[in-house]
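Below are two complexes that have chain A in common, paired first with chain B and then with chain C.
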Partner chain A sequence: MSEDFAQQIREKARELLEKGEVTCVIGYETGTDGRTARPAFIYDAADADRLVFDNTCTHNLAKYLLNKKGQPTAVVVKACDARALNLLLGEKQIKREEFFAIGVVCPGVVESGWMRQGETLQLRCQGCTEHTPPLYDFLVGEPAEEPAPEPSYEDVAEIEGMELEGRTEFWAKQFERCIRCYGCRQVCPGCFCIDCFAELLDPEWVGIRIAPPEKQMWNLIRAFHLTGRCIGCRECERVCPVNIPLSLLNRKMEKEVLRLFGFKAGMSPEALMPLATYSKEDKLGIGE
Partner chain B sequence: MSNNQPRIVGFLCNWCSYAGADMAGTSRMAYPPNIRIIRVPCSGRVDPLFIAKCFQRGADGVLVAGCHPGDCHYVEGNYYSRRRFALLRELLDFIGIERERLRLEWVSAAEGKRFKEVISSFSDEVTKLGPRKDL
Partner chain C sequence: MSKLLEKEKLLPWLEQLAGERVLIAPTRVEELTLFAPVKDATEIVLDYENTALSPKEWLFPSTEVLFTIARKDSTPELVEKTIAERYVIFGIRPCDAKGIAALDLPFLSEPADSLYAQRRAQTALIGMSCLKPAPQCFCAAMGSAPNDASNVDIMLTEVEEGYLVEVVTEKGQGLLEGVELKEVDIEPPPCPDTAAVPAEGITEVLTRVFNDPFWARLADRCIHCNICAYVCPTCYCFDIRDYTAKGNTERIRTWESCQSPGFTRIAGGYDPRASKESRLRQRFYHKLCYFPEQFSGPLGCSGCGRCVVHCPVNIDIREVITRAQEIGREASAASG
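Coming up: the complex of A and B.
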């Protein structure tokens, strides 16, 4: 099946490049370890055969479009990546006429790394609620027939169920490992501020000191800036060198946004995220 | 928390709550002295960064006070802040800062008495919670 998918992607990429509809196709190719996929930038139709699609295609390629402004580009997107396209469209970061989305009905990706290809699906794929991209110009694979399953927040509920001391201790232990490499930010399609608050010196929101308060501050605000915007690709968690369960924070907020506003990020480019709008009739249990 | 006195930071909107605090003062009402007031143009000006920074620097409680819904000087600022803090307090609670430590209240310029009551009840509540344990 993956060979069939790859063939369709290659043909589409070749066609787009030959017709001159796009200047670049962003997809996946086999990495130098000969097993796992890495992002590929194809500028020449003759190189289109390098493109592959398999269960190690974990990267969210939507973010690369931010570097391709003004240049028509095609991008290969899984369902979660396509939600990132909707997010970026809604926030006016990319233009619809400047990209071509090659959507893939995603069967899920496995845990993988250098010279290492796992057997089990990544956690995000185990709990995946839609396999068909919500936005595409060309679809590879058959759209899923069955209705999307309800999201499960068992892991979030487990933390919520703890006593305050338990939660405090749990997060202190997690944040303690943070080296503030900002990999979670660099990989996130929702993090595109030119001046990130973490690097501002005046005012200095997060000090340069590597100590618990700074680590907590960074992780808290990172999660809050993604509230109602996180599309759940869990790339932040994958790239974290010290394995902080960042998606717990993201999914906690995803859950609250769903509960209070019935909103899910990235499902359509028009929908305003809940914090960018308001209703006079809001009943949120605060300031009524 | 020294001498069991909580440290509370209060962000008060210029148009209503700050004037409300002024009203409490000019009416010679006594309220707990452990609130440090910061005047902001609107409750909608209060960035979650402000709250996080207060907690990072050791505040035991943060109060955000603005005009009643419908009375905002900028028409809609307080509606935005209501959504923002409804979500922020959930996140704070999740990582170990009790949601009760962040409070959003509406106090108008004429409500000196209400300002006093808000500060008293918030101060009592934060004292009951005790010092922060998350850092």
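Coming up: the complex of A and C.
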């Protein structure tokens, strides 16, 4: 399967570059460990053979389009990555006419890292409700026919089930490890502010200390900023060098937004973000 | 003849050291191995390749107060900071010890950084040879080795009977007072190989390839987080800011990284390294070109491989070195 997918991606990439429809194709190639994938930028049709697609293609490539403004670019997207394209379109960060989406019906990716290729699917893939990208110009693979499963929030419910004290302690312990490297932010397709609140000098919301209060402040405000916007790629969690389970926060917010507004981020480019709009039907669960 | 510390005597010795100094050692936090202060020696893990984060935190903390300006009867008073504790870092790998030797160059060159200097003088390093280097390791290419004892106070090498003990400095000798070591005739295990990297001559090569398009292509992939800098044992850039609360002002220093978008932005908004490419290139130039030039010494990389493993997009310094050498050769051939 993966070789067949890779072949289709290569052919499409070659064609787009040869016809001059795009100046760059962003896909995946094999990394320096000789086994797991890394992002690849192909400018020349002759280099299209470098492209691969396999179950280590975990990276969400959608955000790279922000660096390609004004340059027609093709990008390989899995289902969750295509939701990031919708998010960026909806928030007017990219233009539809400036990119070509090579969608892949995604069978799921495994836990992987440099020299490390797991056997089980990542949790996000185990609970994936899409598989077929909600947006694409060219599709690799057959769209899934069976109905999508309901999202599961078992692990979120486990945290919700804790007493306040235990929950506070759980998160304090997790955030204590944070080194404020901003890996989570830099990899996140929803984090594209030119001046992030965490680094603003005036007003200075957080300050520069890499200490417990600032670590908590950073992680919690980020979770709020992604409320109703997180598309669930869990790249933040993958890149965290100290294994903070960040997606628990993001999925808690996703669950609440789904409950209150019936909204899931990135399913369409036109959808209005629940927290950026108001409707008389909005139920906030306060005083009701 | 060599000196041997028997296996069952290791933890009691560390326990004893923990009574005299703050003991920093590898511990397990969930699935991660991290250096942390240890009160009970049984918390120490011995089955680790290396820790997820380097031990630099204990000499160059991610956040520290440099000094305080206190107000006494409305008169400002400078309160200097001194480090009272003595530390011992146990289980440090040769690459990380070399990393500390690299930090010494900027921090101890005159005018020395007083807080770093105090911590450094009050910290002892007990090294542990690597018998099975990880695939990301390339310390030998950076001028060290899995059994390099040159940057620690005591070097331990595990053998079947216990640990061979190499006392490197007087400070190290002091740590062993009252500890019973056996005189044995045991050969240390052979030093294992680490990944080969063509680092020879890289400093000179980099002076010739600064404007190559390679850097822009590499930066395509970089997401400009600070992971590489913060897991790195030799990165030492920092930011400083003053915070005032209740009439007292603290000058704070925290880690910072040349990969941050605002790192070189100055008043008025100008940024001499505004492009992604110039920021990423700076990382490699600082380590492999400017650092050895400035200190007439070693490369500013110890080959621990943490950035190789942790980079979310596989920006691999070993590949960068290899590629820079190739570009340098191509340039020479073209001009030659």
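Here are some notes:
Definition applied: the second predicted complex is superposed on the first by the 285 of 288 C-alpha atoms of A that agree within 3 Å, B and C clash if a C-alpha of one lies under 4 Å from a C-alpha of the other, contacts with A are read in each partner's own complex, and residues count from 1 in each chain.
Going forward, a residue touches a chain if its C-beta (ideal position, glycine included) is under 8 Å from a C-beta of that chain, and two chains touch if they have at least 3 such contacts.
In this text, all values refer to a predicted model and were calculated from it rather than measured experimentally.
In this overlay on chain A, chain B fits alongside chain C without clashing.
Between chain B and chain C, an angle of 90 degrees opens at the CA centre of chain A in the superposed model, to the nearest 10.
In the superposed model, A:78 makes contact with neither chain B nor chain C.
Contact with neither chain B nor chain C is seen for A:10 once the two complexes are overlaid on the shared chain. Legend: residue contacts after superposition of the two complexes on their common chain; A:38 is shown touching chain C, with no touch to chain B. Using the contact criterion defined above for the overlaid structures, shared-chain residue A:213 touches chain B, although it does not reach chain C. Legend: residue contacts after superposition of the two complexes on their common chain; A:171 is shown touching chain B, with no touch to chain C. Superposition on chain A leaves chain B and chain C with their closest Cα atoms 11 Å from each other.
If you check the complex, the residues on chain C that touch chain A are 29-32, 34, 52-53, 62-63, 135-136, 217, 220-221, 223-227, 229-231, 239, 241, 243, 252, 254-257, 260, 262, 276, 308-314, 316, 318-319.
Those residues of chain B that touch chain A in the shared complex are 48-49, 52-53, 56-57, 69-70, 76, 78-92, 94-96, 98, 104-106, 133-135. Contact residues of chain A toward chain C in the complex are 31-33, 36, 38-41, 59, 63-64, 67, 113-115, 177, 179-183, 185-187, 199, 207-211, 235, 238-239, 241-243. By the touch criterion stated above, chain A contacts chain B in their complex at residues 159-160, 164-165, 167-172, 197, 205, 212-214, 216-217, 219-221, 223-224, 227-228, 249, 252-253, 256-257, 260, 274-275, 278-280, 282, 284-288.
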